[in-house]
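Got some structures for you, see below.
Okay, so chain A shows up in both of these, paired with chain B first and chain C after.
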Partner chain A sequence: MAEKIILKSSDGEVFEVEETVAMESQTIKHMIEDDCAGNGIPLPNVTSKILSKVIEYCKRHVEASAAAASKYAAEDSSSKPADNELKAWDEEFVRVDQATLFDLILAANYLNIKGLLDLTCQTVADMIKGKTPEEIRKTFNIKNDFTPEEEDEMKVRLISGKSTKHIAVVWQSVVKATEPPTCMRLVFVMENGNGWLPAVVTSGSRASAFGGLGEYNCLRCCLAYGLLR
Partner chain B sequence: MPSVFHSLTSPHLCRKKLKKRRRNPTKTLTLNPSRKPPTPNLEPQVSGREEAEEPLEEEEEEEVGFKLRPSASSRSFAVQPLGNLFLLDPCANARNSGLGALRVLSDELLLDILGLLCGRDVAVLSAVSRSFYVFAGHEPLWKNLVLEELKGDFLFDGSWKSTYVSGIAPRSAPSHGAAITIRNFYSDYLFQSWLCANLEMKPEWLERDNIERRRGISVEEFVESFEEPNRPVLLEGCLESWPAMEKWTWEQLVKVCGDVKFAAGPVEMTLERYFRYADSAREERPLYLFDPNFAKKVPEMGSDYEVPVYFREDLFSFLGEERPDYRWVIIGPAGSGSSFHVDPNSTSAWNAVIKGSKKWVMFPPEIVPPGVHPSPDGAEVACPVSIMEWFMNFYGACKNWKRRPIECICRTGEVVFVPNGWWHLVINLEDSVAITQNYVSRRNLLNVLDFLGRPNASELVSGTKDRVNLYDKFRNAIDAAFPGTIDQLRQKAHEKMTQKKKLTFWESVSDANAGGFKFSF
Partner chain C sequence: MRTRRGLCYPCPDSESRSKEAEERAGSVGRKRSWVGEESGRRKRPRAATPAEEGAAAGGTTAESFFDNLPDDLVVLILSKLSHSASSPSDLVRILMVCKRLNKLGMNPLVLSRVSAKALAIRAKNWSDAAHKFLKQCADAGNLEACYILGMIRFYCLENRGSGASLMARAAIGLHAAAMYSLAVIQFNGSGGSKNDKDLRAGVALCARAATLGHVDALRELGHCLQDGYGVRQNVAEGRRFLVQANAQELAAVLSSTADAAWQAHRHHRLSAGGAACSLLSDFGCNVPAPEAHPANRFMADWFAMRGGAGGDGLRMCSHVGCGRPETRRHEFRRCSVCGAVNYCSRACQALHWKLAHKVECAPMDRWLDAPAAVAAIGGAAGGGAPPENGTGAVN
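Here is the complex of A and B:
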């Protein structure tokens, strides 16, 4: 008969889980080993909503490990489909609203569940990857608190390009001009790091509206000028 | 959690006096490296602020505050500790408003997430908000990116971020001196990181020097007084005949070694590139050049030194090619070093300073240094992130201990003997070049065998790829070279143990006779 551990969420709900599942959390594992699990383990940092998700994750992964172990014992090397299944399950698991996702990160950190922490952190990283600053702001509801002067002062920026072909890294220096046409000099680096294409593009916008023009628009200008193949 | 502020939560580190908070209402604080050290509070760069609350680190009334390195002056933004925010409206913290929904995550978690991004994405983040500008400027992020993508082939350019930029996009516009000055950003974690990278060692951390020093003693005296009883000693005058003392200047080493790459942390680098890095690096944990194969890579270096006469009995040599790593050349800038550890395989060690100077703090095997937490099996050790942090938070804890640690500054031409099992911490006080070797003699042979024979040898044994079999190999090698020695040593040790017991008995008897005992009839 499997041992059951009692977990108590911050809002007073009680969860009964198998010991193997609870031990996915290193924090809980140490408490059990130190004999503090007697009357149930209070988790004042985790709400019932999040705790139930966490338990769901741990259950699924314990099942997966058990299945893998028995396959290994049976010398069955057909673990690929199971791996992919688990991956798909994980991807679905983190398809939640941001607040829940961040709460899961905090819970995984507090409960010390490496797999869950890695999964959730990577999910957030993926939400940042490849985006422009404005897109990132929109994603996380961030206010642009740079002053116009500060944006002007940012003389060198590393921005990602939306070019379908070459640009991976774009360096941009703003040449301040007091009257139109305002120029922006763009230095490109090809994706494999070889060579660079200097380009001067007339943007048609004022230098101080650097932020407003947007990196994406700069690149579209360049495309229009045929500087990118 | 940054441990400068642990003092508020760690009652076991008892302090003599309560912390005092100082008010400096009319003082405009700026970071000026030439000014006198501030009053006993940490005072980071706070340009434009009228008040700075510093409810932080303070040990004694008279104690002068922390001094920052001269290079710490020109920061374009200044992270302040959360203590500064204490009397202000929490909304004044630019951190939160600039993170949006991500504000709920702690600084460490946020940095963990940023650590998963490539250089381009981190740089994009710096344009998102002022808060992200600060996070994306966190040097350790860029350090990892450089070491992952460029390995040891980077040309250090003053900071890790500019090193990455110039390494990946060599002909882009120069990126020196970020132009944004960020104020009102408060974060303990980031502040701590910056502080540890920019502090100078306090004079009182360097004052105590209670190691025994000897010059020109015989091998027998060394064995009897130090190796046998397992006590550290600093030996002078052993390196006078070493060609390395003359030859091993940084310039000459670069000439001799050329393109040979040496191990520095996770990467291998040429000396030229390493010295270029070491000359301008200012960080919490500088890359430390620590190479166990230097004599194979550059045979001339191997012949520029010889093992001091005291340490020539070297039983691992009987394993020939299969012996674990045993000798290292150690090169590093001021601030680099090793935090508390016990040397592997229960070996003893000697460490000779060819150039520069090192501060040593040593604790005997049975005393775990404050702030250090080894796992029960010794395989893992948890300790403060950087050496500076240990000094800031834990050095004072052993001030009032009866058995103090052994401390010293080892200078050019001197050798420190580290007995087996002793905890030790070393920090370079200036650019240093040293050689260290670990060895096994008959005095610690039994310890080593016991260590290698442990059930968890596969985790603990270090310096060799063949951990599990090292015990058997070594045992056989010794039995072949010195038949019967091991048994002899065990016999001696056993006798000693029983001797000790006997003495205790007699001691107690004689004590009784000495006057304490009275017949009461």
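Here is the complex of A and C:
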């Protein structure tokens, strides 16, 4: 009794699915309702590998909602184990390589399948969470298009809300006096509303390497130059 | 909907061809282990991605998958990230990855979904940047940010108008804590004179917050009904609300993952004997004290750093978890038995009574009235509420 819908992937493979499964996708649902599904639905943006995974997802979720509906009708209150099972299945489903994951995101967006889109985007978000910027760049192979100066500017702004211009000038003057090692690049100070917190140095060097000028004296220099506050 | 590379959706065939051309023109020293798969490329163009191979071989022509996603999908991913963020650094880190993520990370859709934990700023980290960030989140429609910024501006930065309007915005969005805070402001006439007190408005706000299940509002409403404060007196209704407040708190504790901690706490209480947090004490059920909201913790830290509530002998609410300061002299009401502590609201008074004050409250001026004082304290313990002078006495 269930009607079969024909889906054609971009590389010519043909998939036959039940109508209920195909209707998980809002895009396909609208096509069916508008009566464009006669000869099969071409999907030029989805390859067969991804389409088969999407169909697998839709099938599983249609089964789960059918089971839940029948349980509701039978007034069975124990739906927790089924929910956990589905969650576990979903977790296993998205355990794929990055290429497939991002393709699934694009396919779910194109086919307008909210559940799959939420699941895949949340997976990527979880991959990002908890990593440092460098780790994120490595994981997703993102190119760092900030210049070192822009990066420092951002760090300072994020912490203190002040620009690096004044601070860099002060440091230059300090450098001449004390000949610091070349690994240091920048010193910036943080204001905490009550006064000054000790200077923080980027590039992983300690302020004590400043040729004897400790953190407190750096701050006094800053204030003396009148460039901060 | 265009991506950075100018394509709407990557067309599989043309992309595989362009990638192959890229590779041939590219580095010489790269591993070509997947060359054999080239014939299979036409069928499955994404199978062996140059990005993964490039990363393994250190090639610089590799591409990131993020480049292929249109902006609205990246915004969706980032909004899920902000919603599940557990600290502000989660968000800061994504802003530093690259320029595109920096721009999209500040998109209002992402900011409006920032979770409460990521907005939990500490008073020692307060800066213009933090202020600006909270403001951007509040402008994007983040209710939690509206509430936190409203509290900070009202009490710490003493900008009453802006603070109150921000809290009002959160309250309109059905943020229970914001409604309750506005109710406290109305009850005390904070930011204005004694005549600016509006008890009925306070009760109305408390009622709204109570329907959302806010424990402090339920307690406050219960006391108002019992005393006929701003609303017609109805002792039975009031008692019902107080019981409901206790039940709500118990339910919250049971449903949270702090269940194990509570069990441990109970054992500790039996052994320590006396220094316990007791709620529902008249029913003999001990529940750990609720965790302070980040806004309250911020205020408590802020004023602790400044050594008090500000000039002119202004006091803080004696319930440490509240953190509210007075905005004019003698704004808060004090315990009528000992007179040594004062509170911004009756909910704070009730909570502090059960947490600490019950054991230390002792009538200071009534040495002669010892039996009466004992009776008062005994009566209070039975009713689960501290002794009080009704609606009156500020001093």
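Brief remarks on what is shown
The rule is simple: the second predicted complex is superposed on the first by the 155 of 229 C-alpha atoms of A that agree within 3 Å, B and C clash if a C-alpha of one lies under 4 Å from a C-alpha of the other, contacts with A are read in each partner's own complex, and residues count from 1 in each chain.
By definition in this document, a residue touches a chain if its C-beta (ideal position, glycine included) is under 8 Å from a C-beta of that chain, and two chains touch if they have at least 3 such contacts.
The structure presented is a predicted model; accordingly, all values stated were derived computationally and were not measured.
When the shared chain is aligned, no partner comes close enough to touch A:Lys4: not chain B, not chain C. In the superposed pair of complexes, A:Ala125 makes contact with chain B and with chain C alike. Once the two complexes are laid over each other on the shared chain, residue contacts for A:Asp145 go to chain B and to chain C alike. In the superposition on chain A, A:Arg137 contacts both chain B and chain C. Within the superposed three-chain model, A:Lys114 lies out of touch with both chain B and chain C [touch as defined at top].
Once the two complexes are laid over each other on the shared chain, residue contacts for A:His30 go to neither chain B nor chain C. After overlaying the two complexes on the shared chain, residue contacts for A:Lys87 are found with neither chain B nor chain C. Judged by the number of chain A residues each one touches, C leads among chain B and chain C.
In the superposition on chain A, the residues of chain A touched by chain B in one structure and by chain C in the other are 98-99, 102-103, 105-106, 109, 121-122, 124-125, 128-133, 136-137, 140-146, 154-155, 157-160, 193.
By the touch criterion given at the top, residues 9-12, 42-47, 49, 51-52, 54-55, 62-66, 68-69, 73, 76-78, 80-81, 84-85, 90, 92-99, 101-102, 124-132, 305-306 of chain C touch chain A in their complex. The residues of chain A lying in touch with chain C in their complex are 10-11, 44-45, 47, 49, 97-103, 105-106, 109-110, 117-118, 121-122, 124-126, 128-133, 136-138, 140-146, 151, 154-155, 157-162, 190-194.
Those residues of chain B that touch chain A in the shared complex are 94, 97-102, 104-106, 109, 112-114, 116-121, 123-132, 165, 168-169, 171-175, 179-180.
By the touch rule above, chain A contacts chain B in their complex via residues 98-99, 102-103, 105-106, 109, 121-122, 124-125, 128-133, 136-137, 140-146, 150, 153-160, 168-169, 171, 173, 187, 189, 193, 196.
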